[in-house]
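Given below, in the form of C-alpha cells, are the structures.
Across the two complexes that follow, chain A remains constant while its partner is chain B and subsequently chain C.
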Partner chain A sequence: MSTNQEYIELFKEKEGILDKASPSFMSEIRHDAMENFSKTGIPDKKSELYKYTSLQKIFEPQYSMLFQPSKVDFKVEDIFSCDVPNLSTRLEVILNGFYLKEKVSLRKLDNGIIIGSLAEAQKKYPSLVKEHFNKYAGSGSDGLVSLNTAFALDGLFIYVPKGQSLGDALQVVNLPMTGIDTLLHYRNLFIMEDNSSAEIVVCDHTLSPFRFLTNSVTEIYAGPGARFNYSRVQNEHLNSNLLTNMFIHQEKDSQVKSNTVTLHGGTIRNNTNVLLNAEGCDSQVYGLSLADRTQHIDNYVNIDHAKPNCTSTQLFKGILDDQATGVFNGRILVRPDAQKTLAYQTNNNILMSDEAKMKSKPQLEIYADDVRCSHGATTGQLDENALFYMQSRGIPRKEARLLMLYAFAHEVIDKIEVVPLKDRINDLVNKRLRGELSRCNNCSMACGDLPLPK
Partner chain B sequence: MKNKQDEVLREVTQNEYKYGFHTDIETDTIPKGLNEDVVRLISAKKEEPEWLLEYRLKAFDRWKQMKMPKWAHLTIPEINYQDIIYYAAPKQKVSLESIDDVDPELRETFEKLGISLDEQKRLTGVAVDAIIDSVSVKTTFSETLAEMGIIFCSFSEAVHNHPDLVRKYMGSVVPYTDNYFAALNSAVFSDGSFCYIPKGVRCPMELSTYFRINAANTGQFERTLLVADDESYVSYLEGCTAPMRDENQLHAAVVEIVAMEKAEVKYSTVQNWYPGDKDGKGGIYNFVTKRGICKGNYSKISWTQVETGSAVTWKYPSCILKGHNSIGEFYSVAVTNNMQQADTGTKMLHIGRNTKSTIISKGISAGKSQNSYRGLVRVMKNAENARNFSQCDSLLLGDKCGAHTFPYIETDNSSAIVEHEATTSKISEDQIFYCNQRGIETEKAISLIVNGYAKEVLNKLPMEFAVEAQKLLAISLEGSVG
Partner chain C sequence: MLLIKNLKVAIAGKRILDGINLEVKAGEVHAIMGPNGSGKSTLASALAGRDLYEVTHGSVKYLDEDLLEMNPEERAKKGLFLGFQYPVEIPGVSMVSFMKTAVNEQRTYQGKDPLSAGDFLKFMREKKELVEFDSQLTNRSVNEGFSGGEKKKNEIFQMALLQPRLAILDETDSGLDIDALKIVANGINTLKSKDNATIVITHYQRLLDYIVPDFVHVLYQGRIVKSSGRELALELEEKGYDWIKAEANGNGQ
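Right after this comes the complex of A and B.
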C-alpha cells in the first residue's frame, strides 16, 4: 500500500475524532483538503518543486500520529530555559504539535490582542478564524499543505487588532517529545490587522532521540500598514525532519521580514510563499543554513508580485560540509501590470568538502516591463588568497577560515532586528562553525545531541 | 560606417518577413502520416543500408512510447503527427556534376535568399550545403575542401560514401532515446549536413548549411553531424527561412558535434524561420536538439545563436565537457515579438578536470511574446577546478510581454566556482532621453540601444552573419516601440 493511500485510510478512520476536536466548519475544510490530497498525494521527485528533495524517503518510516495533546509530567521551564540576555520574551510552547497551556489555553489581553491555542480560537472566535483560516494556504496548495489541513488539530493563534503592537518579541518553541517515531502536524495562524506590529522568534528543537517528521503550516495575514517580523532558528537532531510551509499575505504598505537560520537537523524543507496583494508592500526573506553530516536543507521561496510598486529581497546563504546537500529554489513572479516592481534575489554558497552538494535554482518570471529584477547565484569555496593574506599576518589557517566563514554568514545574521537574538545567533553560528555544539549555555536541552530529559 | 547604419535603418522600416515567398518547384512528396511503413519508405527512397533502417525503426518504436514533454514555458496546441508530410524533395536530375545542373528555379530561390550557389560569384570563401525541404540540393566547394581531406557533404551522401564515420558517431552525442523530438528525428530524418575535419587541419573557409522549408504541410527533420578530429578547427554557420503560411509547420532537427583532442568547433546559427503573423497565425515550431561533446582534452565548442524567427522555439545547444581542460561557450540573442514564444538556453555538463564554461544569454521580448532562458550548469564530482560564468539578461519592450529565467545550478565539487547572474528590465527612460536630446529619435534610439545590448553576442558571429543578424534584430523589433 502506498504511503498516500495509508493517509487517506487513516483519515477515514480518524475523521470522527478530528471532527469532534474542532467546530463544525472545520469538517468541511478537512474533508476538502483530504480530497485534494487524494488527487495530488505527497509530491515526488518528478514534481519540479521537489526535484532535489526526496519526500518519499522521509515519509518512508512508520510514524505514529497524535490526536490529542501529550500528558506533561514536568515543567517546561525545568528543562527549557532560554537565557538569551536581555531578550525579554514571553514564551509559548508547542509540544508535539499542541499548544502547551499554562493556565488558560487562550488569552485576550486588554488591548484586544489574542494569543493562544488555535483549536481554542476556532471554538471561541469562529468568525475571526473562518475569515482567514486556510485562505492563504488553501488555494492551489500541494499535498503537504492538504495533509496538514486535514490532520492538524492545534497550533499557535495570534491576533493583533488595529494599531496595536505585540510589544516585546514573542518566543515560540516547537518541541517534539515522544517515545516513538512520530509524524507531527501543527498549524499557526497570525492575523495582523491594519497598522499593527509584532515580532516573533520561533525555535525548533527536539527533546527526544526518536525519528520525527514535522509538517507545519503557518499562515500570516499582514493588513494595511502592518509590520511583521519573523525569525526562526532551526536546531534539531539528525533524525528530525522538518517541513515548514509558510504563507504570507500582504496588504497595502505592509512589511514582512522573515529570517530563518538552520543549524542542525535532518532533512529540512522551508517553503516560503509571499503574496504581495496591494501596492507599497515590502517583503524580505533571508536564510542561512549551516549543514554538515548527511543533512539536507532545501529553501524554497516564491514571491508573487501581484500589484505594482512593491519591493522584495531574498538573500540565502549556505555553508555545506561533509555529505550535506543544500538546495535553493527561489522564484520571483511579477504579474502583468505589477509595474515599478523592484525584486532582488541572491544565493551564495560555500562547499567545504568534496562530498557536499549544492543545487541552486533561482528563477525570474516576469510579465510586466517597467520593473527591475535581478538575481545572482554563486557556489564556490573560500578564497585562497585571502586565507594566505591572513596567514601571512600571523593568523592561523584554522582561525582565518573561521573568520571568513563567519563574515560570510554575518550578512544574513545582520538582518535580524531583535538585537539580543542577533547576538545569540552570532554566538551560536560561531560555535557551530568551530564544531562545538551550538546549545545555549543555561539550557539543559541538547539540541545537537541527545541525552533524554528525565 | 554611416552607410551601413542607414541601411540598417532602412531595413527597420520594412516590417515584412522578407523570406516569406514560396517557390513553385516540382516536389516529390509522400502521403501524410507517420507509421512504420513511412519510416521504411523514407529509408528506401534514400537507398539506405540496413543498419540505418534498423536505427530508424528502433527510434520510431521508442518514440511511440514517449509523450510530448510539457515542462517548457510554452503554450503549444496539440500537434497532430499524422497530419504532417514527412518527406518532400524537389524533383531534379539524379546526379549533379556542376552548378548548371541545379534546377534554375531552385537556384533563383537561393539567390533570392541571398545565398549564391554559384561558386564564382561568391566574394567570400563560404562553402554552403543548401537544404530545401527534406534534401540537400547542392554543396559548394566540396572539391576544394576534399583536397585538404575535409569531408563536407549532405548526410545521405555521407551515409553512402563514409558509412564507417557516420555509423561511429551518429547518435553518440544525441542518442535516439534522448528526448521526444530527438526520437522523432532519428526515425524520420531526411537529410542534413555531414562534416569531418581530419587531424591537424584548420578549415580554410566557413562551412555553412542553409535550410529552407518550401513545400506546404511538411515537417523538416534534418540531422547535422560534425566531427572535428585532433587539433583541427572549423567554423560552421547555419541559417534558415520558410515561406509564410497560415498553418504551423514542424521543424525538429538534431545537431551533433564531436570535438577530439585540442579541436575547436565554432557553431553559429541565425534562426529566422517564419514567426507567424501579428496574431500568432502560422509560423514554424522549432524543436531542436543540439549538443556537442568535448571528447578530447583541451577541446573547445562554442555555440552562438541569434534567434529571431519561429512561432515557438524550444532548443538548448549544450556542451558535454568530458575532456580535461575543455571549454564550452554559449552566446545567445533571442528576440521574440508579437505572439512568438521562445524557451531556449543551454546545458553545460562539467565532467573533466579544469573545465570551463561561459554562458551569455540576452533575451529581448516585445509585443505579446514570451521569452525564457532555461539553463543547466552541472559540475560532476570529479570535475575539479571547474569554472562557470553565466549571465542572462532580459530586456522588455512593451508591457504585454514576458521574460523569464530558469537557471539550474548543480555543484557536486567543492573546488568548483560557479557564478550566475541575471537581470530583467526595460530600456530606461534616461537612456532614451539622452539619445532624444542629441537628436536621435526614439525608434532609432531603441535600435541603437538594443544593438548595443546584444553586441557582446553579435561580436562572436562571423563577419558575414554579424551584419545580417544586426539587420534581423532591427526588423524583428520593428513596430514594437511605443
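Right after this comes the complex of A and C.
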C-alpha cells in the first residue's frame, strides 16, 4: 500500500474518533480535506513546489499517530528549559500536538482575549472559529495542508478582539515527546481583530530521541489595522523533521512580521503564504538558517499582492556547512489590480564547505504596471580578503570567520523587536556558529532518560 | 628588528620578488619606492603572511624569530602591522567589535587582561584624537562606505590602537588629498618612537616631505636596485625612474 493510501485508510478507520473529538461542523471540513488529499496525496518531486525537498523520504518510515493528548505525570517546566526562557509569565506548551492544560484548557481574559486549546475553542466558540478556520489554508490544494486538516485535533487558539493588545510576548513551545516514531499534526488559529496587536514567540524543540515528523498548519487573520509579530526558533535533533505551513491573511493597513531562525533539525520545510487582501498592508518575512551535517532546510514564501498600495519585504539568509543543503523559493505575485506595490526580496547564502549546496529561486510574477519590485540572490564563500585583513590585525582565522558569519546572520536577527528574545537569539546563533550549541540538550535532562508520556 | 635575506616570492608560479635583502633596525624609517609592478606591495603582503604569496627562497628574521614560520595573526600579535593599500570593507562587522577583538587578542598574547567594553571605548577615544579620526566612523561597519581618505585614516587609527613594533605602510598616501595626507603623516610621526620601526611604501616623494626617512630603497623588477639617504627620493622626484631602470638593466645584463 502506498503511503498516501495508508493515510486514506487510516482516516476511514479513525473517522469516528475524530468526529467525536470535535464539534459537528468539523466533520465536513475533515471529510473534504481527505477528499482533496486522496486526489493530491503528499506532494512528490514532480511538483514544482517540492522539487528540491523529498517528502517521500521523510514520510517513508512507519510513524504512529496520536488521537488523544498524552498524559504526563510531571510538570514540563520542571524538566524542560526552553532555549528562550523567561519571556513571559506563562509558557504555552503544545505537547505532541495537543495543548497542554495547566488548570483550564481555554482562558478568557477580562479584555476579551481568548488563549488556549483550539479543540476547546471549537466547542466553546464555534461561530468564531468557523468564521476563520480553514478559510486561509483551505483554498490551496497542498496535500500536506489537507492531511493536517483531516487529522489535526488540537493546537493553539488565540483571539484578540478589536483594539486589544496581548501585552508581553506570548511564548509557545512545540514539544514532540513520545516513546515511538511519531507523526504529529497540530493546528494553530490566531485571530487578530481590527487594530489589535500581539507578539508571539514559538519554539520548536524535541524532548525524546525518536524519529518525528511534524506537519503543522498555522492560520493568521490580521484584521484592519492589526499588528502581529511572529518569531520562531527551530531547534530540534537530526531525526526530527518539520513541515510548517503558515497562512497569513491581511486586511487594510495591517502589518504582520514573521521571523524564523532555524538552528538545528533534520529536514525542515517552512511554507509561508501571505495574502495582502486590502490596501495599505505591510508584510515582512525574515528567515535565518544555520545548517550542517546532512540537514536540509527549505524556505518557501509566497506573497500575494491582491490589492494596491501594499508593501512586502523578504529577507532570507543561510549558512551551510558539511553536506547540508538549503533551498529558498520566494514568490511575489502582483495581481493586475495591485498598483503601487512595493515588493522586495533578498536571499544571501554562505557555503562553508565544498559539499554544501544551496538552491535559490526567486519568482516574480507581475501583472500590474506601476509597481516597484526587486529581488537579489547571492551564494558564495567568505571573502578571503576580509579574512586576511582581520588576521593581519591579530584576529585568529577561526575567530575572523566567526565574526563574519555572525555579521552575516545579524541582519536577520536585528529584525526581531523583542529585546530579550533578540539578545537570546544572538547568543544562540553565536553558540551555534561556534559549535557549542549541543545537538539536543536544550532540556535539563539528558534525552532518553525522560519519563515518557503514556 | 627585521632582517630579510635573499627573499624570493612568487604568485601562482610567477616570480615577483627576486632576491630582496633588507635590514630594518628599531627607531628607523625606511622608504621603499619604485615604479608600478616592481613588487612593492608583494613585499608588504608577503611580510604580513598572505598565503597567495609563496616564498620560494630566502629567510626573514623578525625580532630574532623566523617570520616565515608564523601565520598572519601571530605576526600581528608580535607587533607587525600592515597598512593596506586597499583596506577591505567588512559589512556587518562593526569597527568596535573588530578592533576590540584585535586589541584583546594582542593583550592576551602579551599576558595582559583583556580590556572591558568601557575601558576599550576610552582607549579608542584617546587614539581617535591622537590620529584625528572622525569619531562617527567607529560606529559603522569596518570601512563600509568610507571614502578613500577615510579608509586610509582608519588604517592609521588601527595602527594607533595596536601600537606595532614594525609598521609596513603600503601606499598609505595614494588617493589622499593634501589635508588628508598631512593628517596621515602626522599620525605616523606621532606613533613613531625609538623602539619601533616603519617601512613606508610609496610612489611619490610627496609623503616623504612629511615623514622623513632614514633610508630610501628603490625596488625594480623584484630587487632593491638602489639604497641611499632621503636625498634619493628627491632625485627620483626630479628625474623619474628611467635612469634607475637603465642603471639596473645595464648592470644586470
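As a convention for this text, the second predicted complex is superposed on the first by the 430 of 454 C-alpha atoms of A that agree within 3 Å, B and C clash if a C-alpha of one lies under 4 Å from a C-alpha of the other, contacts with A are read in each partner's own complex, and residues count from 1 in each chain.
Here, a residue touches a chain if its C-beta (ideal position, glycine included) is under 8 Å from a C-beta of that chain, and two chains touch if they have at least 3 such contacts.
Predicted, not measured: the structure shown is a model, and the values here were computed from it.
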- Query: Fit or clash for chain B plus chain C once both are placed on chain A?
  - Reply: fit
- Query: Should A:I395 be classified as contacting the first partner (chain B), the second (chain C), both, or neither?
  - Reply: second
- Which holds for A:R372: it touches chain B only (first), chain C only (second), both, or neither? first
- Message: According to the stated criteria, A:G225 is in contact with first (chain B), second (chain C), both, or neither; which is it?
- Response: neither
- Message: I'd like to know which partner A:G380 touches here: chain B for first, chain C for second, both or neither.
- Response: first
- Touching A:P69 in the superposition: chain B (first), chain C (second), both, neither? neither
- Message: Just to be sure I read the superposition right, which of the two partners does A:G280 touch: chain B = first, chain C = second, or both, or neither?
- Response: neither
- Message: Which partner chains sit in contact with A:G265 here, chain B, chain C, both or neither? Use first/second/both/neither.
- Response: neither
- Note on the structure: With chain A at the apex, the angle to the CA centres of chain B and chain C, rounded to a multiple of 10 degrees, reads 70
- Message: Residues of chain A touched by chain B versus by chain C: which partner has the larger set?
- Response: B
- Query: Once the shared chain is lined up, is A:A356 touching chain B (first), chain C (second), both, or neither of them?
  - Reply: first
- chain B and chain C, closest CA-CA distance after overlay, in Å? 15
- Using the touch rule from the top, collect the residues of chain B that touch chain A in their complex. 71, 73, 381, 394, 396-426
- So in the complex, which bits of chain A are touching chain C? 383, 385-386, 388-397, 399, 403-404, 406-408, 410-411
- Within their complex, chain A touches chain B through residues 48, 336-337, 339, 349, 351-354, 356-381
- Residues of chain C defined as touching chain A within the complex: 48-50, 71-73, 75-77, 81-82, 84, 87-93, 97-99, 101-102, 105-106, 109, 141-142, 158, 162
